[in-house]
């Protein structure tokens, strides 16, 4: 008997970011990892391990990238005197935390026939909301068969 | 030996929307698909394949449906001159994109004994933030046993 | 043949909350449950079964906990006359619903070698946005091997 069963596979992406709502597009990396895994049906969880970064999807278009940064600054304005986290912190990154927790650290994306079920313009992005350049990781976790 | 193992099942819902924060409730479709799958324990990932739509949960009550639309318009106001994505786009849907990326394209919902673990008033909704009527898909992906 | 396969495990956490953006940190409970499950590789879905609560991750620091509450009140201000859900409801909790749907009911977190892949300061939190004390549940669902 050959049992073709479920598999769980993990890949960690590493890259550097500029901070301040820096947006890294990682769709190709996720697509390639699904192919490498050999799984045809399943989900991939894309996870940002950190309290000042988030993962979501968006059309990766220059105007919209700029708009997205502006949008998150509108939602959580950088008025340092008004955030208590900044009172005791040299990093002054309270709004980085607020934006990251709101956008959320993970997305779960289905794949079928070995391909991610994304819309045509929909790309997977990691957003670094921190106030300074960082070395970052993203966890890709596949559960599939 | 009969091996009762894990299974992965997918169903694609299709429907038309009016755009402009049109909210479609899809709880019954997700519940029914869990039943059809035969899985008793697991998760269902509900995913919006597109950059101007989102999936979340809410109480599906007329007043709140109206409030939700107002809320997302407050968060990302439709002032076209202020969004760069609209400068080069005839669609003028920058805020559709911003709202969708913020709300997020996916939720993962556990089920147990063949039933979704939702709260009493908690319904699964697809929100179409685009500026025009669309033909839409939602991916339901079950991983369970 | 010994087949070491996938497993699905569920645990339900119960606790009481004060409402009004009360934030409960549940990282240790999730970590412990991964250990108990015996799974080394997989994901844990953390889900809030209710329409006025959410799950996300954040640095669990007193200043930031205070900032987070302020932030969600800024995003959805408590002006009761302006929300239609409050017109017919004695609970007056329209903004609880709006905040919860925006933040989202679930996160999916990978684990590897039996440990959650969280950042150093990143904790899992349940946020109760309701306007009154509640008895609450959180569903932890592990899919792993």
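Per-chain numbering from 1; labels A, B and C assigned in written order.
The criterion applied here is as follows: a residue touches a chain if its C-beta (ideal position, glycine included) is under 8 Å from a C-beta of that chain, and two chains touch if they have at least 3 such contacts.
Because the structure is a prediction, the values reported are computed rather than measured.
> Given that chain A and chain C are copies and touch, would you call their interface same or different according to whether over half of its residue numbers are shared?
Looking at both copies, the contact residues mostly diverge.
> Using only the C-alpha atoms, find the rotation that maps chain B onto chain C and quote its angle between 0 and 180 degrees, to the nearest 5.
120
> When the centre of a chain is set as the mean of its C-alpha atoms, what distance in Å lies between chain A and chain C?
The separation of the two C-alpha centroids amounts to 19 Å.
> Touching two or more other chains, which residues of chain C qualify?
Each of 3, 5-6, 75, 102, 104, 108, 143 in chain C touches at least two other chains.
> Going by the contact rule at the top, pick out the chain A residues touching chain B in the complex.
3, 5-6, 41-43, 56-59, 61-64, 66-68, 70-71, 75, 102-104, 107-110, 112, 117-119, 121-123, 143-145
> Using the touch definition from the top, list the residues of chain C that touch chain B in their complex.
3, 5-6, 8, 10, 45, 47-51, 75-76, 83-89, 94, 97-98, 100-102, 104-106, 108, 139, 141, 143
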